[in-house]
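Shared chain: subunit A. Partners: subunit B in the first complex, subunit C in the second.
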Partner chain A sequence: MIDKSILLDDKTFTVGIFDDSDKLLNAVGTLKKKGVKIFDCYTPFPVHHLDRALGYERTNISIGAFLCGLLGSLTGFTLAYSMNVVDWPMIIGGKPQDISVFTSFIPVIFELTILFTAFGMVILFFARTRMIHGIKEDLLSRRQTDDHMVLAIDNGEPQDMSASEIQSLLASEGAIDVDASRTSFNTSLTDEDELAKQLMTK
Partner chain B sequence: MGHHIIQEVSQEKFEFTGRAKMIAIGLFVIGAILAGVGAMDVKNHWDSIGHHATEEVHVDEAIESHEEARHGDHHATLAQDEHGHVGEGTKELHTDADHHGETVDGHHGPTWMTRIWANLLLNSYYFWLFAVSALFFIAVNYVANAGWAVMLKRVMEAQTSYLYLGSAILLAVVIGSRKTLYHWVQYFDDPSAPTDAILESKSWLLNNTSLFFFIPFVLISWILIRMKLRNNSISEDKDKGLSMFKSSTKWSAFFIFFFAFTFSALSWLIIMSLDAHWYSTMFSVYNFAISFVTGLSVMMVIVQYLKAKGYMEMVSDEVVHDLGKFMFAFCVFWGYIFLSQWLLIWYTNLPEETVYFAARLEGGYKTLFAVNIFMCFLAPFLVLMMRGAKRSPKVLLTAAAVILIGHWIDTYLLIMPGTVGDKAGIGMLEIGTTMAFAGIFIYVVLNSLSKANMYPINHPYVLESVNHDVGP
Partner chain C sequence: MYSADIRQPLVTGGKTYSDVTADICRPIENKPTNSWWLGFSIGVVLLLVLAGTLAWTVWEGIGTWNTNKSVMWGWDITNFVFWVGIGHAGTLISAVLLLFRQKWRMSINRSAEAMTIFAVFCAAIFPLFHMGRVWLGFWPLPLPNAFGSLWVNFNSPLLWDVFAISTYLSVSLVFWYLGLIPDIATVRDRATSKARKYWYGFFAMGWNGSAKSWGRYEVVALILAGISTPLVLSVHTIVSMDFATSVIPGWHTTIFPPYFVAGAIFSGFGMVLTLLLIARHVMNYQDYITKEHLEAMTKVILLTGSVVGLAYITEFVIAAYSGYEYEQYAFANRMFGPYAWAYWTMMFCNLMAPQVFWSKWARTTPWFIFVISIVVNIGMWFERFVIIVTSLHRDFLPSSWVMYHATWVEVGIFLGTFGLFFTCFFLFAKFLPVINMAEIKTIIKDKE
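And now, the complex of A and B:
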């Protein structure tokens, strides 16, 4: 999903449009079983098992989370240690000003670990899925952001089956609309009328 | 793509084989022999063991005890014989404290019987916690309408079957050891003892009524609720419908409410009152954390055992994964509660509170204290964090073993410093008793497991559990 180019450029696709996530999931299973190479699926909400059905590997974003947390822990420790021991030692409750008061650093370390992980994950997630402010996504159907799901097959990719066989397979799996050749359109078009015209035709 | 939904659970039944019985009984017998030999050893060498604390520590303790004296707090276990030679001020305290420390046998300070009783209390309490937390977990699953763990419900029920024997042993040990271990019992039994303001202020809870009526009342109530839940579960196997589920949910809701108060009170009465002058508001939560994480680890061990024996094929990796998540989560919970208790006491630095950690951070307990934090929090935290670890039986079993041993040490640290003091140790006696208790526990649990079907197939959420999926 993520590793492929999200900007679909000028490729043409065979698309099947579904209004039911279970049908989409079954269609993906059937197509995969018949050896059809699926480009991607676009859904307005996460469909359970879809990533497994499409054969995607598990994301390793959790390693990023761990590293963010580690960075937060180290920052917290450095912050507390440099303030309370190195830079400006203060006697609080008759405690010494050295590493033996480590337990009093733990709340700081804990909070910064959480902070760094939370912020790091938000930034990392949006960066990884290219949901960055200013970038407009290419759409294959205007309703893929609303209530319909799109199964896209790259027409440029050689398939074992003929194009018409794939289309009839999609239709038999319950696609409400099958289009043999669709190009993407970009939502960043500045001309509102142009966009509206494009949307009307898709 | 492997995405098919299981519509029916195929029932199976656990068979408690002769070999498994032999192992459980053998564990008990070997443990009992070891404990007996260890007890004789402790008895014969009582005068020469212990006393490993340095002279410096004694001075510190004496000063601390002196401070306590000003607060009217005479801590019997800290003020031992050696304190005699630390100056005039402590002399007075010494006599005072010794008077309190007197046992029924007329000896002062801990005797070898103290160590045996403390050790029995440790193991009866520790194994009893497994059963309690399993009962709590069943109730939580009902009240939360949780479906994922339904396939493991019979394992939890088997764990709670130890509640009968475990409660009986615990009650017997608490009542049997009351004059040896509980300083407040000695104080209230002895009318000639000088008035102890702190103990007097606690007499509303620490009294014979609590000991002889409240503890049995709570234990029996829990057993009755357990019987109700178990009977519902068994009769659900015969007739379908929601009536048993609804009844169990109601009883579970009541149990959680009741449990919150009674478990706290039991943890104060049985464990916290060993350090009679000390108190901590975090203590019952701390005990609950120990209880829950050890109960989950035992559940994990049983599930892995059954899977290795070819049972529980229907329980997917996903369910085991979620159980592993629970283990991980409650290791963190324990760490959080431990730190909360520690920070409050460490920061405020009040003598009547710090005495608890002072006893555990000096002398022979220092190493165990560090090992405890490592085994109960750091090691499981870092290992179980990874997804792969929660799906690997070997790693899960290792983590469960580390957690169980770590919390045994944790419970040891709850009990020993306040009773046996610096003459405590982990030797043949302790290991043998633990083995014997483990033998009893294994026998009772596996026996109960073989009495019922493996899966509660008419539970309304059983298909949810069998098709459970935690995602990629």
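And now, the complex of A and C:
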């Protein structure tokens, strides 16, 4: 495994833990309105409108996907045309082998378009989200992939409000737990006893 | 949260988020049950049958099959089309129903997609081994060969099939894996043993469920669904063109693409129901796969079964109306010739049997649905058998008319693919979450 965290490394966070997605969404709205800069939220399932509430713009990965698809179409056409027309025309049943048989190239062009779009887009997604096999995961709560939702505020970032004000705001929004200084940890590389010790000290 | 009181809840039992996680992770985190061992052992035994019969085919040659100069496609291509068709329900459920915002798909899409992948594995075996020299199975790929630049023929539907099936398999795998990542991360964070931590950690690719990732993830899933939909339609369209672009009476029909696609969805849903009814019972997932789900699926069966039935009748009427005696003979021979029993089995299983689903009782009674789903599977196998064998065994020249019966090797390979399918499915049910936890958690409060 790659033992280098590249997402949340060396940062401490103020976290609010929620057990209800509606409460989390409201909390994000309130905090944003009061000008608190939120680092990110971590949820076990996609919470609708959360990205909009956090002010994230819609990803433009679809443009990348379109370009990959275009490349796939061109590859399909080039493959069929260069092999069956340019390099070695096969005359079968006296049928022509030139651009007029373009229609019979369409299935291959279509399939390669889909293939390139799917793989290109997923590779772009992994690259953009910094995901790769064996990378160390950064968690702020052991249950953030189970039933808890985490609202994280980077302590290193200057805020207009004091830390205690933010904490009481999180609590008043229905956070079941508020922690003023939490650092990321991972479950897959850490020994269970050591992990328990780490989590206790935090 | 959206709620329409007229509908039943999608997940029953008043589950909380942590209940969902605990229920769905239970088979992964506990020792396998006796029923799992039983099913898995049957799968492995049949898998050994597959290995044995394939080895015998390769060792002795393709003459161990009864395919001959007239019936050059027999059980092998029948089974190929059968398995490819079964795969289609998975993509249909996860892609088409996602585009239509059908939330009931969420508790069945994971296992249906797994089924797709395993079914395509099974399907691929048949054309590969039918080529005779399986070690030269890479020849249909567009590679330069040793004798010069003689390439593959891009005008041939058989080549289109190579591209279609391999694209279908790889895109389905990507779609399935992408859907699994958040759930693998859930298993990782609950894991206590070192091996489980490592392997689920490895395949979770560092997923931590940040809102940024989810935003991108959902767009990617939507686009994948958008491109998988025409893909799944194209795959069976191209499979049908293997037949439709020939000049064999009974095959040379323009109705084939829509007819095959409807048949594929029909048979796929039949297999999904067979598997899910077993899984629901064995794993106690009645709260997740509710009667509402079963009812929705039986309605799809009813619709596609009727489309297929309409296609059978249309084909027959067009043949009668064509004024082309070979075409007319091909259909008369299907209905009254030596393979009439296969034709009428097909008509009964596909056209008549699913019509029982007009009744609400039939749509909501699990054991009855199970019986009909098996009937549908049998019927759809016979459909491919009828199309292939009855069209070939009596061609234009009466001197080349023959009868075709499968040998034990052909039967063994077919049974063996069920072994491969079930072995893969049981391993999947043991090591991966059978239901998409992340998606289910978004709808446990919903009614739709």
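FYI, the second predicted complex is superposed on the first by the 181 of 202 C-alpha atoms of A that agree within 3 Å, B and C clash if a C-alpha of one lies under 4 Å from a C-alpha of the other, contacts with A are read in each partner's own complex, and residues count from 1 in each chain.
Everything that follows uses one rule, which is that contacts are C-beta pairs under 8 Å (C-beta built on N, C-alpha and C of every residue); 3 or more make two chains touch, one makes a residue touch a chain.
Keep in mind it's a predicted model, so treat the numbers as computed, not measured.
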First (subunit B), second (subunit C), both or neither touched by A:94: first
Which superposed partner A:179 touches (first subunit B, second subunit C, both, neither): neither
Contacts of A:29 with subunit B and subunit C, given as first, second, both or neither: first
Touching partner for A:58 - first (subunit B), second (subunit C), both, neither: both
Partner chain(s) touched by A:104 [first = subunit B, second = subunit C, both, neither]: both
Of subunit C and subunit B, partner touching more subunit A residues: C
First, second, both or neither for A:122, with subunit B first and subunit C second: second
Touching partner for A:42 - first (subunit B), second (subunit C), both, neither: second
Shared subunit A surface residues [contacts with subunit B and with subunit C]: 48, 51, 56, 58-59, 62, 104, 107
Partner subunit C, residues of subunit A touching it in the complex: 1, 7, 19, 22, 40-48, 50-51, 54, 56, 58-59, 61-62, 65, 69, 79-80, 83-84, 87-88, 90, 92, 95, 101, 104-105, 107-108, 110-112, 114-115, 117-119, 121-122, 125-126, 128-139, 142-147, 186-189, 191-192
Subunit B partner contacts - residues on subunit A that touch it in the complex: 25, 28-29, 32, 48-49, 51-53, 55-56, 58-59, 62, 66, 93-94, 103-104, 106-107
Subunit A contact footprint on subunit B (complex, rising order): 1-3, 339, 342-343, 346-349, 385, 387, 469, 471-472
Contact set on subunit C toward subunit A in their complex: 1, 16-18, 21, 142, 148-155, 157, 159-160, 163-164, 167, 170-171, 174-175, 178, 181-182, 185-186, 188-192, 194, 197-198, 200-220, 223-224, 227-228, 230-231, 234, 238, 437-439, 441-442
